[in-house]
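Every chain is named by a letter (A, B, C and D) in the order it is written, and numbering of its residues begins at 1.
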Amino acid sequence: MKVLDALRHGVAELHRELTRYELVIWTAGNVSARVPGEDLMVIKPSGVSYDELSPENMVVTDLHGNLVHGELAPSSDTAAHAYVYRHMPEVGGVVHTHSTYATAWAARGEPIPCVLTMIADEFGGDIPVGPFALIGDDSIGRGIVETLRGSRSPAVLMRNHGPFTVGKDARAAVKAAVMLEDVARTVHIAQQLGKPDPIDPEHVDRLYARYQNVYGQ
Amino acid sequence: MKVLDALRHGVAELHRELTRYELVIWTAGNVSARVPGEDLMVIKPSGVSYDELSPENMVVTDLHGNLVHGELAPSSDTAAHAYVYRHMPEVGGVVHTHSTYATAWAARGEPIPCVLTMIADEFGGDIPVGPFALIGDDSIGRGIVETLRGSRSPAVLMRNHGPFTVGKDARAAVKAAVMLEDVARTVHIAQQLGKPDPIDPEHVDRLYARYQNVYGQ
Amino acid sequence: MKVLDALRHGVAELHRELTRYELVIWTAGNVSARVPGEDLMVIKPSGVSYDELSPENMVVTDLHGNLVHGELAPSSDTAAHAYVYRHMPEVGGVVHTHSTYATAWAARGEPIPCVLTMIADEFGGDIPVGPFALIGDDSIGRGIVETLRGSRSPAVLMRNHGPFTVGKDARAAVKAAVMLEDVARTVHIAQQLGKPDPIDPEHVDRLYARYQNVYGQ
Amino acid sequence: MKVLDALRHGVAELHRELTRYELVIWTAGNVSARVPGEDLMVIKPSGVSYDELSPENMVVTDLHGNLVHGELAPSSDTAAHAYVYRHMPEVGGVVHTHSTYATAWAARGEPIPCVLTMIADEFGGDIPVGPFALIGDDSIGRGIVETLRGSRSPAVLMRNHGPFTVGKDARAAVKAAVMLEDVARTVHIAQQLGKPDPIDPEHVDRLYARYQNVYGQ
């Protein structure tokens, strides 16, 4: 259970990054982590405020969203997270927010063009748009997976809804959510007064390769 | 008096959400709660800064705004809150702010279109505009009530003034105020660079029904 | 000296409102207070960061900006504050910032139109633009005074520079600076997507009269 | 080693200003300081979060970016910082961020026009754009140095990337980064609704001369 305890702690903590970077309001955003080697995930409880999150009230479900441990109902987005884990074995963390600028691109159904080195580094090209999908079945999860499979991007902008991001673990998915909102904002602002220069696709490839392999410790 | 003490405490506390989400500056916004089963309400005192609010200095008035308990004058918006409680018995909480983006829509007299799932969830459709009304009599209250009666929305954008939100209790009204500003901002930003896709009205109905009945614990 | 100590304390404290509402960066904004009944003022020292301000390092000058008490050089804007106190005896506090939205209106030399009840309440009409003036003599002070004399507004937008606000005391001048930035932002945002409705001048007069006389405790 | 300890402490602390003014997200920005009289610099470690920075984990490299003291790999931007120190002996501090508004100007490859007294004061004229350059060799450093040599500005907007600022020490470079973002935002906002008035070049010269020589203690 040590791994599970560490994941509960980590997932609860990572929600603080969502509030710190103002990616969420009230209770409208969530982080989950796959339990390595098991068909389980740790996720935020539904409708609980960020101030009240703790390792103890994190919820454990199987990869169909059925409650395994915990007293609270899991996030209303659990089905979407679970679908991603079932279909993308390389993914260890999923994040959903309605962060302002990313959601604005999503509302117009417009991908974020790769006009910043930070986008090339982290997203490897344009950040794609996923379909409109209703909550309540596998539609959102399927939309996320189908969109991400055609892209190097760890982020998808779900139409009229908001972004989902993935990563090798929950921390990487949160990092992608933070960087997504940052570049969504910067490119929006750049476009308000003109047209940003595109980056040569070959340069995008070189930036992406370097950042994925060399950056950090 | 236990209920009243709890409401004083709750109303004082809920003002922190207004400052946390930057919906208010200085002293320009207020929360009230109906006292269940009595013709009374608890409201912020007028012109007192948010740092100085406490359960003790909350004001209790009747539903015509006359002071019942407390040493300070009630909010200058008390008449509007009181009118809402007199005419909408299902309402247990009212919030008024001048939050930036919601007020910008109000200044143009333009409803916020339902182009985000979050708007469908919480507001059930477009967020409506109320009339211009002067402070000092029942005009503001009447404008709020007449506008909200024709809508599923718990929020109304009063022209040239700012938003009022209602809820089954004060917490629900504050939540609506927080979500209102968030969607007002996101849709504004989406519209700056193009036209967001509308959401099919049938989908709006399904999202609204689900969120009102299934979300949370 | 008790009055002077209280003013030092008050002026040091009020700078916190400038940082709280993000009206200033680094050291670029200042508050001053007239010492009632004496030809003296208390003002921020030049180039000192907001974290380091204390009652002890506030500077006292005469109303020509000459140092009377204190070890630090007074704000580089001291001449402008002093000119206002010499020529507007009803003014007890002056604030200068480069707050973003107010400064943007100033850069275009465009008054902020009275399209919000909050503008009618606090500013009594459009918020006027003052001339371009170089620092180093009485030009800025003269520009402030000449502009404010033709207006009910406690705020002036100095061209290519930023706002100055005045009040019966330093707290009122800070309040005006906070409200100015708020309405500058809201009207800017409203105008980005259309034209806000003006408020009937007669209604502006009624709102202004009520707010100046009835609001608060 | 006392100087070096003080620099480690100072550089670690100065990163707080980057987060305070929201110039950086996650780990995407860095401050460095030249060690006076030695061919060494102190710089942020790569990929370490701002919460975890301390004097102890700051990295010391030579002016070709080779590690001299420290257990962590230096910032991935170390080569650019080092190039600046080698070619601009008057520079004692360098800062790199992707601050939103400055980066938006950089994405369009558009200099920030000198339409505010604050720009004249600190930057002495328009804030220039540097070339697009890939990370991995001296291209970024060369682009910075060539651009800054033709300007009084301590800031350069590197195309599709973000700003670099320099100063006589690390604190001055951080101050320039903070002021850059502030004026980048204000001028952007001013231009959204019209055209700011330019400042007469002679006035720019007078403002710059005064601010560089008279301001502060």
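Keep this in mind: a contact is a pair of C-beta atoms (placed from the backbone, for glycine too) under 8 Å apart; a residue touches a chain by one contact, two chains touch by 3 or more.
All of these numbers come straight from a predicted model, not from anything done at the bench.
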item: For chain C placed onto chain D, the superposition rotation in degrees, Cα atoms, nearest 5; value: 90
item: Separation of chain B from chain C, taking each centre as the mean of its C-alpha atoms, in whole Å; value: 31
item: Distance between chain centroids, defined by C-alpha means - chain B, chain D (Å); value: 44
item: Per-residue overlap in chain C, given as positions that touch at least 2 other chains; value: 192
item: Touch-based graph of the chains, sorted into line, ring, star, complete or other; value: ring
item: Chain C - residues contacting chain B, complex; value: 21, 115-118, 175, 178-179, 182, 185-187, 189-190, 192-197, 199, 203, 206-207, 210, 214-217
item: Complex contact set, residues of chain D against chain A; value: 25-28, 45-48, 72-73, 76, 98, 100-101, 103-105, 107-110, 132, 134-136, 159-162, 188, 191-192
